[in-house]
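Chain IDs A, B, C, D, E and F follow the sequence of writing; residue 1 opens each chain.
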Amino acid sequence: MSVWLQDCSWRELDEQRQAAKNVVIIPVGSTEQHGNHLPLGTDTMVAMLLAEDAAKETGVVVAPPLWSGWSPHHMVLPGTITIRPEILVELLYDVIQSLHAHGFRKFIAINGHRIVNISWMQLTAERAQRQLGVKVVLFDPAYMSKELIGLLDYGPVGHSEEIETSQILYKRPELVHLEKAVDNPVVPHELYSVDPCFTGDTLCYVPSTAADQKKAVELAGGTTGSPTKSCPEKGKVYHEYLVANLVKVIRQLQK
Amino acid sequence: MSVWLQDCSWRELDEQRQAAKNVVIIPVGSTEQHGNHLPLGTDTMVAMLLAEDAAKETGVVVAPPLWSGWSPHHMVLPGTITIRPEILVELLYDVIQSLHAHGFRKFIAINGHRIVNISWMQLTAERAQRQLGVKVVLFDPAYMSKELIGLLDYGPVGHSEEIETSQILYKRPELVHLEKAVDNPVVPHELYSVDPCFTGDTLCYVPSTAADQKKAVELAGGTTGSPTKSCPEKGKVYHEYLVANLVKVIRQLQK
Amino acid sequence: MSVWLQDCSWRELDEQRQAAKNVVIIPVGSTEQHGNHLPLGTDTMVAMLLAEDAAKETGVVVAPPLWSGWSPHHMVLPGTITIRPEILVELLYDVIQSLHAHGFRKFIAINGHRIVNISWMQLTAERAQRQLGVKVVLFDPAYMSKELIGLLDYGPVGHSEEIETSQILYKRPELVHLEKAVDNPVVPHELYSVDPCFTGDTLCYVPSTAADQKKAVELAGGTTGSPTKSCPEKGKVYHEYLVANLVKVIRQLQK
Amino acid sequence: MSVWLQDCSWRELDEQRQAAKNVVIIPVGSTEQHGNHLPLGTDTMVAMLLAEDAAKETGVVVAPPLWSGWSPHHMVLPGTITIRPEILVELLYDVIQSLHAHGFRKFIAINGHRIVNISWMQLTAERAQRQLGVKVVLFDPAYMSKELIGLLDYGPVGHSEEIETSQILYKRPELVHLEKAVDNPVVPHELYSVDPCFTGDTLCYVPSTAADQKKAVELAGGTTGSPTKSCPEKGKVYHEYLVANLVKVIRQLQK
Amino acid sequence: MSVWLQDCSWRELDEQRQAAKNVVIIPVGSTEQHGNHLPLGTDTMVAMLLAEDAAKETGVVVAPPLWSGWSPHHMVLPGTITIRPEILVELLYDVIQSLHAHGFRKFIAINGHRIVNISWMQLTAERAQRQLGVKVVLFDPAYMSKELIGLLDYGPVGHSEEIETSQILYKRPELVHLEKAVDNPVVPHELYSVDPCFTGDTLCYVPSTAADQKKAVELAGGTTGSPTKSCPEKGKVYHEYLVANLVKVIRQLQK
Amino acid sequence: MSVWLQDCSWRELDEQRQAAKNVVIIPVGSTEQHGNHLPLGTDTMVAMLLAEDAAKETGVVVAPPLWSGWSPHHMVLPGTITIRPEILVELLYDVIQSLHAHGFRKFIAINGHRIVNISWMQLTAERAQRQLGVKVVLFDPAYMSKELIGLLDYGPVGHSEEIETSQILYKRPELVHLEKAVDNPVVPHELYSVDPCFTGDTLCYVPSTAADQKKAVELAGGTTGSPTKSCPEKGKVYHEYLVANLVKVIRQLQK
């Protein structure tokens, strides 16, 4: 049987909810440029793929994805869809509120878009916890693989870099044009980094300006990082590591 | 190549946009109870299936779907997700605005949720036309098959009735539990009908109250209509009729 | 005694509410160009005239009118006042909420502006029903005269056409400059019509763009239809037919 | 010819605007309890009557009235309609913006509701002046008759007191039930008064709480002041004084 | 011990609240140009200084100040910070709501910015009273010194005039550059005045336009009034008079 | 001369802006419980103290502080003031927009409230950068002292712990009641930490629920961490380290 809520009849869904001890996963992503080689929907796919695999293992339900997130900085390249964060807060809140009305009590919002979506998701999570009395956790691949990432010999988190390219190569190879990938290694800035593994003093993240993004576009078609180093094998290790962590989070919530 | 925007890289998307003469389809649906026998995501699937088939025929791009719509009246049964219409207006507006920034000029919003979503979609469409100078048309299966529907010997538009059941039976049979379908024929009301083919005097549509919905639930698991009369053959006729109309609309816009 | 709430003292109003079994009418209209020959307030007057005559017959109260509605497409000609639909939703909601606080339970919102106002009125009606537990029905002349309109040998619904011109000729002749009326017959479009009697396949209504409106202006001073065919006799038949339907709706609600 | 915008065709309106040197009056009032003896619409009628008489004298246009205002404190008695002030700000703004689009440049918003509506009208007026570059003045009878009021031997501004009762007696006697009026003289409070003529130290106005309003209701059916002293003769003096001041304001703006 | 809430630990604050019988003062001001000679924060300082002195005398707590208010008309000169009034309403509401949650029941909002802030503060005060069941009073120096102001031989309320200059000279002399002050006496307008002591007929206050403000800037660096007449002695009389009135208001609320 | 904008006249401010190369600091904090021993305004004081010292060294201006932030989780103890994050976004935006109008181009928002305020500040910063074309950086002590913190032998970031206690002991000792401090060491959670130095896999931060906060209250009066280890000497090292980093950021922006 499908793990996706939208594939179930309401009776099936209700049974799955009870079996899952009221835990549900909501995949949140983005529709934004991902270099020359990755599909625009990469971030949402990451969230969906993680959700699907962990749901199969644990029997929890997965709600329909939010296909687009907050991506103002990637509007410099075609295909990017950005939703105002104040609208996303309300949208995700309504999803949680609706599911709460049907008995769900523990929500895992998976963010495939890394640091950018986290801001508005925090606002939603807090409001839902306070107003509905539910538990909402935010699962983000970049924060949930800090212990692994060094072992894989990956560079820092960039954009369309070897980390997400490898994961998509492993799970959706038909959508990757690796031959078109261009490297554009992350240049360290003094007192600033978007990598959650960064241990130095840093200003807090603010999405890049269009001006800054244009430079990355000119250099490497929107990529920051070294996608040419990608391979499905490492993608598999990374993906399974994240699924294992996600399963652990699900089990914690089900206790 | 995929017709879905999210599957393309930004370069592929940009090429497809130009080939499609700046026409793009946005599927809008609902996540709501569909009786004992249809999946919760039926309405979004209808919009996606129509978009996909028409896009294959014409080469236009399809944006990622909006999985949930305005469904306050179906919250009486599990799995329904309802988003406030004022949020949906802003969400769809941001999708259109983003795509407009990349050169799209003609938008077809397909609504798989029939009459309920139309209200807020009209507000979005007008605003987008006025503020962005684009063209937005609203394609709804129920309004777009008025000439066919009598020929198929279907009853009036209800909910999870033979019309949508047949279409899903044709395209996604694995998600239909026809053996669980219960009939609950539409009862005519004086001066009121939700069927767009209705030719009598009528008050305008307002979504049912929870109290009224509860009655339908008790009678037939959320169904209004006669789903047991469904068959994939009629579903095919209906689906292809709608695709043909959609292709006609695309061609009009491309002129 | 006056049927208008604003003319009553609060004691009179309270007595009338009880006698009317908690039914109240709210007239909603528009202030927008109505060709060379009709007053800017035509739509609101239509709603007020219907409300007044049905209220006299049944004893229900009529709330003060909302003089302006959603008319973005008619801003091309002087005198049109358009209110954003998101504001109108809140305005009408507050009217209903206030009257609910005083014991009214059944609301008839009469829309003299035809299809354009219906979208936002549906959003209000649903919210009021759900949050306040009241009943709200939307009475629109164009939808409520579908059975009659063919018999009168009228053309399709346009703007300032023979239908509303005749009604105003019958009830407020001093405001009509029939000698200045210019005909501009409705031109059928493939797959599109704003006439609720239309039985063909159709895209859903979206208010015209300013560009499209300008054409109508140039042709006939803002008119679409054949106002020169108007006469007060047909206006009387039409008006009384609508009043009879409105009285029927009131009686239904009072049961 | 009518001074009311809604009675004009768009061509007539445009001519009147030019003749009026782009000055327009917008009557704003309230629908709220006015004791045992005055109609619920008193405040809006006051604004309309002043506008109408000054417009006849000067040839300016009067826009359709806003029938309801901000009246949270009067919700304790039936028939009161209160709109949230944040909605009223947007509503009046849209009226001004629409009229601005047709060439009006100088707006007189007449407030028949005295001190309560002024707050939100100030917010609208400032925004309109800043964003549209227009001139907006706020004309309120209580502030515009400070020099006269002592001469008439009236008590301080209350509610449904001799001031507004006399004015309605003069202009709309058929709506006044003077025989039911009950006196409830204004009791002075230390450091607080709603009378704009008050010359002592005072806290700023805040609408009464429901608890405080209930006391007035019990004492005198919602009245504060001495309506039994009312007479149409003084009402005439008061009304004509205000009309004269309004004409003066119109002439100032036309310079 | 400090009278400021922010200086207390939560335990100290709770004790002070009980001793103060749940009365709290909230200083509200502005950050706006105050001529050549006064600091940008003058209005907030006025509110803080009054609050502090009255709190010391009565033992009530003072909440942290709102440093900026509504000052659109002073944006013509550097340093002015203006917040939209609709945001200020919500901000002050949240402050009141938070303090209400901790047991405070009577709120004195002191406005150092005179007439401009009053509009939005009234909206907040009413909402807080209605929704939270608290008491909110608005204390404004200009309205609270009407009886004194004539005795001091001051001119009418202007901007950075002798009234506020003298008060700041008395309490914060190090921030006043009296040698740079330029006089620009208030010019009477027909039917308009911002002085709360004005007894003639008047239109209601609307903040000046940028165009009007520019004139004042050119004449006297942003001043309206006669600051060169300022002296700390009169400032002391004025300040102490206001503190005495404020103490009176506190005592009233504590009863 | 004062570094605070509010202490300057508009002429002084304008000169300082030019000398500072259009860089301005905006201190943002919170008003929330800080255990038995620290003042409610600790976080805002931290932001103000850092701003003040760095401004003295560099000559930049400091805008008036935002005294309260987003603190829903600390509402369990008296004195906490929490503002909705969607209001804070607009408030800070208006501050930036106003200063931008006067020529400021580079903004340093210092957050004394650590991780909680960052979410909404990111939304503001991005919007300001995009809509106004300015540069906004977010300076947070916890993220800006990651390299130092281990050297000081401090435990992880908690609440009112030895880190902020030492800083306040150094700069505002009169407000600290160290004798009342109670230790409540941070208990590690699997897959979760609020410490920016944490290097393990972690879910993203969501403010605690009231239920969770109540536990901390019962244990240690609102403290998490070991404040009894605090000393002004370490506070000095920490404070000066942050000031040095802040000066570095200012210099970067001035280039």
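As a working rule, a residue touches a chain if its C-beta (ideal position, glycine included) is under 8 Å from a C-beta of that chain, and two chains touch if they have at least 3 such contacts.
These figures come from a predicted structure and were not determined experimentally.
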Which of E-F and B-C has more C-beta contact pairs: E-F
Gap in Å, rounded to a whole number, between the CA centres of chain D and chain B: 49
Computed distance of Cα centres, chain D from chain C, in Å: 28
Mean-CA-position distance for chain F and chain C (Å): 56
Per-residue overlap in chain D, given as positions that touch at least 2 other chains: none
Going round from chain B, first to chain C: chain order: B, C, D, E, F, A
List of chain F residues in touch with chain A within their complex: 72-73, 85-86, 89, 111, 118-123, 125-126, 129-130, 135-140, 143-148, 190-191, 197, 199-207, 209-210, 245, 248-249, 252
Interfacial residue positions of chain E with respect to chain F in the complex: 2, 4-11, 13-14, 17, 31, 33-41, 44-45, 63-68, 75, 77-84, 87, 90-91, 94-95, 98-99, 101-103, 175, 177, 180, 221-222
